[in-house]
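What follows is a pair of complexes built around chain A, which joins chain B in one and chain C in the other.
== the complex of A and B ==
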């Protein structure tokens, strides 16, 4: 992908990079939104220790997003620079490293698995207690294991790279780390099972999908642990065994949980119940179709069938297993049709759900279905993890014996400061990735090392960065004096801020001027073209198209917002200013 | 020399290790005598002292003294993270107080800088080599790692009223983990120059012959293992502490009589 000449000469990859970057920025914004919302916008009494587990896991998910996505963003920015500015971060023939791309991708890629899985775990942690008629078993352990998964997920990406030949110590350490991460996931599974144990289980469609989720996810999890065993990983890398594993985790895991959540929350979203009869058809067709499709792929992978091929050799047994897989896919397609029919019928003429059709205990079931825009006219009192149970059972409320009821002291966060901090956190990971790339190449060998050392003088850049950071301190000092009303000091600190900023900008200009002077460096040719030969800019038609499309979309949004009275991009920009 | 012979005979009795263990034993005896009613403290002190023996006098220390870089790294992790962690837990096991929580941010800043800084400082290649060949530098390294470790752990497991709140603790430890990960990645992937003295170790050393011939560990693989130790297991120590702190946040009953002030 780095080579725009030999392997992908069209601009398709460039559009893909820009799209992915846009998606990455949007996802970071969503993660940031979730974190700040959970920390600052909770209902009175809803302490962090009383959060519904779905909210808790989505909150942790927000941090994973904010920290993992910027690494991918940095990598694809480097990829774009490779393609458009002729750098060679990832082209081994020119001194770059394809392995570095893999490191960056999997630094993001492994947490990404949990970014997709944690909300699913949260859904299951809501559905199982309600349909078992019991509180979740070991709330603290479920919440704590989520934290453990999130933190560990950043340290185990190496297991995706066993086949790249990074050495025995590397493989051994990451094998152990990868096995460790199975522990908190196992904790959750045992907690869900213990919640069901002894409960009055109601076999609604949502609960059926939750059951199936546990079974399918455990299969996917166990095959995942197999990949931590290095010799097995070497044997099945890039085979259909991997395809089977990832589908058991992401389809049997995440999508089954999403279906459970859909049947559970659809009445709240729409005010109408989904048909349980059609739901049962949907469930069984999905389970049968899914297992027919993917279970046999474990065998195909073990027999050596490679992934990412459109056909396969005529090996004994492969045809039959592939035919079974195809039949399963057809059954899954039928299940999707049943779901679509169920949704359409429910929206048109489904049975009215009422406020709380499942007799659930979390706050959303205390309002009407669908909820009004303001959610509640009067927010119910929250004194435990099951506020609606407390209201329905004033004689034996949870808060009388719930540990979470003992702590009502909570740290309060300023929304604006928190947004800024989370943004800085996200940016730190973006720049960490870029700095890591510089270090890799400057400590490497040959052309890459000399290019890295010519491009950047760490001492000089560090000094200018230090001045930039110092300007934040002087600005903060100015703010402090402003609050004390000492205008003279405010002015002095502001002048200092401006001075530091000017020195930083001057430094940047010097650095760029130096790079431009060394025009022989091919990587900077396009920059030189933009500065010195603007007439040749149309060499980058994709950039023009992206810019024009963005402007067009914003204009349409603005016009639409003025017609409907919504807040449009223009007002957002004004607010930002 | 076989592996068994090595582990049974290669104990590292040097003036530094003997004096470290003597001073350590005296300190532990004094602390246990002062805290004689506190059973958890005794266990922590015992654990800390056993780890000190492992780091200062066991065959691990022999390997660390110019033979095996990864052993040197393991020694650093024990001295900077594990021994001070157990000592901090022991010292403040009974620090129950009625004072309201009042975490001191400057202590946290100093703790983070000293904990992470010590790790980075002693892995500068020339300093790393110096700490192996010079007894003075060895002494300085040992004392500085133990002290920096205590300053690092104090805002997390120190006096109850001065501990960071659980959310700040997660940020404190996770950022330390990121910093150690960065160092670990650097050591893992740079050419074999992270600590030159281990590349030029005397080839006639029996321990080195065992390591290279018997265990099949080349200088490159040794450095890679050292970097990986810094990268993954170090973060597991921070992670374990984060989870313990998380448990403290979820548990309204003060741990060991310390820290929490339930408002109801």
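== the complex of A and C ==
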């Protein structure tokens, strides 16, 4: 048995891996779709510089998803190979490296923090102007700082690993990067505050959550900058200080923004308003419960209480602080129940919202609530960043003094080409991670090096890869001749493509056959799991049954749709357009 | 439903009379970005409850020093899944759900650029979510791994 199986011999972790991989694939698909949608589906007049900020930030977020998620996918594929095919990417005893796992995880993990934060920033950038009755202050800076965050987010993962001993030069680079990334984030905070400055603020529940978001996120951001200072990081690493920090960023940050967005957009989605009275209860219970739970954890962490340990000795004060934290958690549970009641009551008998309950200015409020099947009967004219304001105030529309009005329409993208390019971008990050692993191990020492050399012959694999790439060239040639109408040449080039593809596939087969032969029976385990471990099949836990039932229902629907001629799920999933 | 305001505005279309199966069909076969967005949001809400229960168990275990409410490996299992659930099954789906619902509306589009790819993005999320809860079944013992570690 390999070492990794020894660490966690259950198949629970295998389910965890498969779940993450499945989720990762779905998320990349969504990321690709978001990018292409924003670039190709905008209404006439909706230029990139007039995009609502939520759309801007989710668009940038799409790029982060497309580039960062594949790194996690690659890492968990390697982990799965470790566990099922008995490789040793991450097992130090066999020449692998647990540090490499950490590098992969955090190369994904830190951009992931911003994947979760950017849309939250976007929601706040929509809510604050509407309830301050002012346009956003410094649109260009809010949008531009998003790009800065996205770029920097790929260069700061090392600050999660200071305690592993990266060495002084690496520590310095990652420390500086982690401090610099606070600047564009700070730019946004100042812009939100400046937007509220002098505005006619309406204290709706959405706005209250936006206020709380700024306060809690700034606390989380500041404790985050502390980790960029290497000695402080060493002091508080793996303590409750880190737990407090992550919850201030993810709960006080992202989830507070999601609550703000929920109260803001729920009327559009359901046609009904949420109760402001219950909303106020939800807000205060959340804020009080959240701060009780996590503020004290800063203190516990500074006192040295380690995280990820199931209990603790009764050091002076520890028990009291933990009990305060638990009380806070109970209050938060109560707040979640209030939210659930609010949602249920509103869906059943909530007050009718009308098309635009907040007198907001972006296009989603220019259609009915909920919107009809195809969204708009007629898309309102877009001549500025606030199209509905222009319609409501024809005497003083934004476009008269809006600089973005000078901008003419931009270039048009072909959505098919675009998504193909984005997919290649995503795949290249996946393979970059795999190639990086190979390089690390073949330039490593001892067991790792010999294992890497044994498992992969770069020359042979390189030659086969070359053939695969050449088949793209021959296919492209065939396409060129097709456009000139020379069918003979088209056929010749197509044959060449098929031949190259066949040689590549043959090469793959021999390589895999070799790997399987080397490992003997053990490597065949996943292939023959049904044959070798029939006892594991009937013990599928209940949730797998739920998943299988879902697949079953989809299949039934597919059969049904064939009979009735409706569009069935199969055509949804197979024909991607 | 019978409040005068509802009748006056009449903005909310009545649900078409339908059997449970045809409703299920409508939701599982939908290509409408708004419906897909709502599917994401319900998924996130369900897992917010599950992740919340996990959080409460963690806090109950930690409310007394040297407490033994949860066994060490159960505790490891629960805090690992609390993190994984909240990040991958709550925050990501809720954000993608909102994006799915509102991006086309905010840019004045009829739908996402690739509606079927959009549906294909949700269903792996659904299957992965079901799969992830399997780590808790009694016969499948815990993932001792930590979310952030090997």
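We take it that the second predicted complex is superposed on the first by the 502 of 577 C-alpha atoms of A that agree within 3 Å, B and C clash if a C-alpha of one lies under 4 Å from a C-alpha of the other, contacts with A are read in each partner's own complex, and residues count from 1 in each chain.
The rule is short, and it goes like this: a residue touches a chain if its C-beta (ideal position, glycine included) is under 8 Å from a C-beta of that chain, and two chains touch if they have at least 3 such contacts.
Values in this document were obtained by computation on a predicted structure and should not be read as measured data.
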Residues of chain A touched, compared between chain B and chain C (which is higher): C
Which of chain B and chain C A:168 touches, first, second, both or neither: first
First (chain B), second (chain C), both or neither touched by A:81: neither
Which superposed partner A:143 touches (first chain B, second chain C, both, neither): first
First, second, both or neither for A:323, with chain B first and chain C second: second
First, second, both or neither for A:299, with chain B first and chain C second: neither
A:439 touches, of chain B and chain C: first, second, both or neither? first
Touching both chain C and chain B, counted on chain A across the two superposed complexes: none
Residues of chain A touching chain C in the complex: 4, 7-13, 15-16, 18-23, 25-27, 29-30, 32-34, 36-38, 40-43, 46, 51-52, 54-55, 58, 61, 79, 90, 98, 101-102, 105, 109, 112, 115-116, 119-120, 123, 160, 250, 254-255, 258, 261, 265, 268-269, 271-272, 293, 308, 310-314, 318-319, 322-323, 325-326, 329-330, 332-333, 336, 349, 351-355, 362-364, 367-371, 373-376, 379-380, 382, 415, 419, 539-544, 546-547, 550-551, 553-554, 557, 560-561, 566-569, 571-573, 575-577
Residue ranges of chain B touching chain A (in the complex, touch as defined): 70, 165, 167, 170, 174, 177-178, 181-182, 185-186, 188-191, 220-221, 224-225, 228-229, 231-233, 235-236, 239, 242-243, 246-247, 249-252, 260-264
Chain A contact footprint on chain C (complex, rising order): 1, 3, 5-6, 8-9, 11-13, 24-25, 28-29, 31-32, 34, 37-38, 48-49, 52, 55-56, 59-68, 70-72, 75-77, 79-80, 84, 86-89, 91-92, 94-96, 98-137, 139-146, 148-150
Interface residues, chain A side, partner chain B - complex: 49, 140, 143-144, 147-148, 151-152, 154-155, 167-170, 173-174, 176-177, 180, 403, 405-409, 411, 432, 436, 439-440, 443, 445
